[in-house]
Amino acid sequence: MSIPLSWYLILAAALFCIGLFGVLSRKNAIAILLGIELMLNAVNINLVAFWRYQDPVKMTGQVFAIIVFAVAAAEVAVGLALIISVYRRRKTVIADEIDLMKW
Amino acid sequence: MTADRIIFLLTAGVILGSAIMVVVTRKLIHAALWLVAALFGVAILYGILQAGFLAVVQVVVYIGAIAILFIFAVMLTRKETLEKGTQTRPNWWLPGILGLIILIGLIILITGHIDFNRTAEQIPTNIDTLRLLGVALVSPDAFVLPFEIASVLLLAALVGAVFVASGKKE
Amino acid sequence: MRNEWLYIGIFLVIGIIVPIVPLVFSRLVAPRKTNPIKQSTYECGIETVGDSWVQFKAQYYIFALVFLVFDVETVFLFPWALSIKQFPLFVVMEGILFISILVAGLVYAWRKGMLEWE
Amino acid sequence: MVFVNDPIKYLDAVIRDLLTGWGLSNGLSTVIIYFIGITVLIIFAMVLDIFLVWVERKVVARFQDRLGPNRIGPFGIIQPFADIIKLIIKEDITPGGADKFLFNLGPVLAISSVIILWAILPISSKIFGVDLNVAVLYLVAAGALGTLSIIVGGWASNNKYALLGAFRMVANMISYEIPMVIALLIPTILADSMSVQGITQAQGGMWFAFLSPLALIIFLISAIAELGRSPFDLNEAESEIVAGFHIEYTGMKFGLFYAGELLHAFTFGGFIAVLFFGGYGGFFGLEKIGLFSWLSNPFVQAIVFLAKAMFGYWVIMWIKYSMPRIRIDHMLAFNWKFLTPLALVVLVNTAILGKVLAGFPNWIYVLGMFSSNIVIGFITIQILRIYGRKQRNTLLKNSSTNGKNQEQVA
């Protein structure tokens, strides 16, 4: 393992920023969720890299990563259900047009 | 330049390239499939990091379930995805600059930290990390509570999502 | 461990390449004389009606949803399954608690009528 | 003599000597040896696949009281090669609105997702690709790639029937993945290992098929559903949606889907053998007796394994050619309302009983496990019987109320 830890961290940072860009720049609500998935994966890369480089016997990093999997699954399930529900009523998935809560 | 580093750089290139395609592709189906490529790259990364369990779980959960759910959702909301024209907001350059600033800041922070330049030691061969993970997840003085709470979270997500998606039409 | 994943990686690469070989070979040998009729969508011989992207039942999505939650939870059971032998009975009970929470979700979806195909 | 006892290690040493003799580093020669080994393994799988085409056609012919291919070569064994030549020289048509790259990716991914399973298939104790410690989940992960291939192929064809077939198939595959994963947990618990070698060796004394016959049945059913074979072949219900997700595929691309399905069925036969029938071993301790020590020879083990896998494949074919197709609502209801709860009950039973009976002598353990499975199976059948009777009564009541119309129609 001749890869410095910083490489992983930079990769994760870049992935996170790409995800952030996607979340903020996309119009489509499903595409925004895609960006969030990228961000969660960036976090997971960090967690697993730290697990490997700190102390592989302590499983904290991996357990955290598993919890992130569960959170990601829950987020996708509820998020997409909301989008589909809104789509059925309003016939739109554009985040800016979903403005029921504005008034 | 060792073989390790070459493999890492190739994987990183795949991940970042696919991630960029995810956020810029116009067709949403393609964006979802690029996401699959990026997630697969992350799984390979876990393989390089010797977290075998996470690598397969990444494929099973992300590619086998989450990506499929995305594709289903894209196909169910069809009109908007066929829409010609732009898929980004008019002021898309603002988050672009924001992301770039954050990225540069993070890279300065990471490279400035001496401790992050070290490489990992070999995992001793007598340690089975898979079994250790199982022990950590179930032994009462470790992570049994997060383990159970994760299942409660998923139950809540299932109940909520089923309730929302079933949506009796008024 | 590392060599195992290296092996899997090489296997993936060759596993992708091998099926491409007959496709490339076929590309070289097979005739290519295309025309609009040949390229049109096949629908039992009649002409295509409407858009190919038909509206699907939302039911497919519900099943995918239930599947996602179950998939994540059952995958989490594997580390538990591996630690049963070395721990006393209460660890088994932890897993069973986990499973019963899972079942509660299934029962909810069932009672809600979400598992019916209308 | 060394070659006979451990062929892979012997060949590895020979080639490594040769390569390091040429001045290559140890790491590079490892990669080259992996390349050679993997290529040989995959080519073996592909040749076997060609052979399976012949087996399938021959067996289905016998099931349908025909002779099957018998013109080219002895018993028609050259027939699949003729098929391949035909498929290669056929014109390859890409439909007009198709997404070219994804259209080609679909079939390639479909067969790749099967081929990668051969990386972990334990052909014998010495001849195998790699002994992953997460092999059982690797099997599920490869299935996830297969699901993806179908939705990619169906979507890229730009045909509503293809997309509809892909949707049905994917709904089918993902639903049945749940009981399959749960059924995979049971050998994991029994063997206390997730590696296929560990699971095989744990069955040296007793097959898991006897410890948990219900898990075997659940795994078999969900494996057939995962394969998309009859009775779960509603993805290609010809009468409703023309031919399913591969409707627009012609020539070699269709051939890849077809070959992938056959190899997948055989590979699952192999995994059934590994998980429940002791894989290459499982001779109930017979190989320890001096007279039968030849049973531990890797080549004998490989033959035993392939025979068991072929038997599993034959069972899958047998079911395919003697069952009608199931409607999609029945299929999904069967999975979520019957198979998944049953699998969870069997899992809980295995976990608790395995823990409780752990201290007892072996025969009590085996007997307890087996009889508990029988009891669960019996209770299940009783519940099904009560439910079926109720359903029948409501149906009869309905038909008697509008019986007049029915009679006229009849």
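Read from first to last, the chains carry the letters A, B, C and D; within each, the first residue is number 1.
Heads up, the rule we're going with is that a contact is a pair of C-beta atoms (placed from the backbone, for glycine too) under 8 Å apart; a residue touches a chain by one contact, two chains touch by 3 or more.
Small disclaimer: the values here were computed from a predicted structure and weren't measured.
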If a chain touches subunit A and subunit B alike, it appears here: C
Comparison of C-D and A-C by number of C-beta pairs in contact, larger one: C-D
Most centrally placed chain, judged by C-alpha centres: C
Length of the line joining the C-alpha centres of subunit C and subunit D, rounded to whole Å: 15
Subunit A and subunit C: spacing of chain centres that average the CA atoms, whole Å: 21
Distance between chain centroids, defined by C-alpha means - subunit A, subunit D (Å): 33
Averaged-CA centre spacing for the pair subunit D and subunit B, given as whole angstrom: 29
Multi-chain contact residues (two or more partners), subunit A: 1, 66, 69-70, 73-74, 76-77, 80-81, 84, 88
In subunit C, residues with contacts to at least two other chains: 2, 4, 8, 53, 56, 58, 60-61, 64-69, 71-72, 75-76, 78, 81-82, 95, 102, 109
Touching two or more other chains - residues of subunit D: 31, 132, 134, 137, 140, 163, 167, 174, 177, 194
Complete list of chain pairs which touch one another: A-B, A-C, B-C, B-D, C-D
Subunit B - residues contacting subunit A, complex: 2, 4-5, 8, 12, 15-16, 19-20, 22-23, 28, 31-32, 35, 38-39, 42, 45-46, 48-51, 53-54, 57-58, 61-62, 65-66, 69-70, 73-74, 76-77, 79-81, 86-89, 92, 94-96, 98-100, 102-103, 106-107, 110-111, 113, 115-123, 127, 129, 132-133, 135-137, 142-143, 146, 150, 153-154, 156-158, 160-162, 164-165, 167, 169
Interface residues, subunit C side, partner subunit B - complex: 1-2, 4-5, 8-9, 53, 55-56, 58, 60-62, 64-69, 71-73, 75-76, 78-83, 86-87, 91, 94-95, 97-98, 101-102, 104-105, 108-109, 112, 114
Partner subunit A, residues of subunit C touching it in the complex: 2, 58, 61, 65, 68-69, 71-72, 76
Subunit B to subunit D touching residues, read off their complex: 3, 29, 33, 36, 52-53, 55-57, 59-60, 63-65, 67-68, 71, 75, 128, 130
Residues of subunit C defined as touching subunit D within the complex: 3-4, 6-8, 10-12, 14-16, 18-20, 22-23, 25-27, 29-34, 36, 38-44, 50-54, 56, 60, 63-64, 66-67, 70-71, 74-75, 77-78, 81-82, 84-85, 89, 92, 95-96, 99, 102-103, 106, 109-110, 115-117
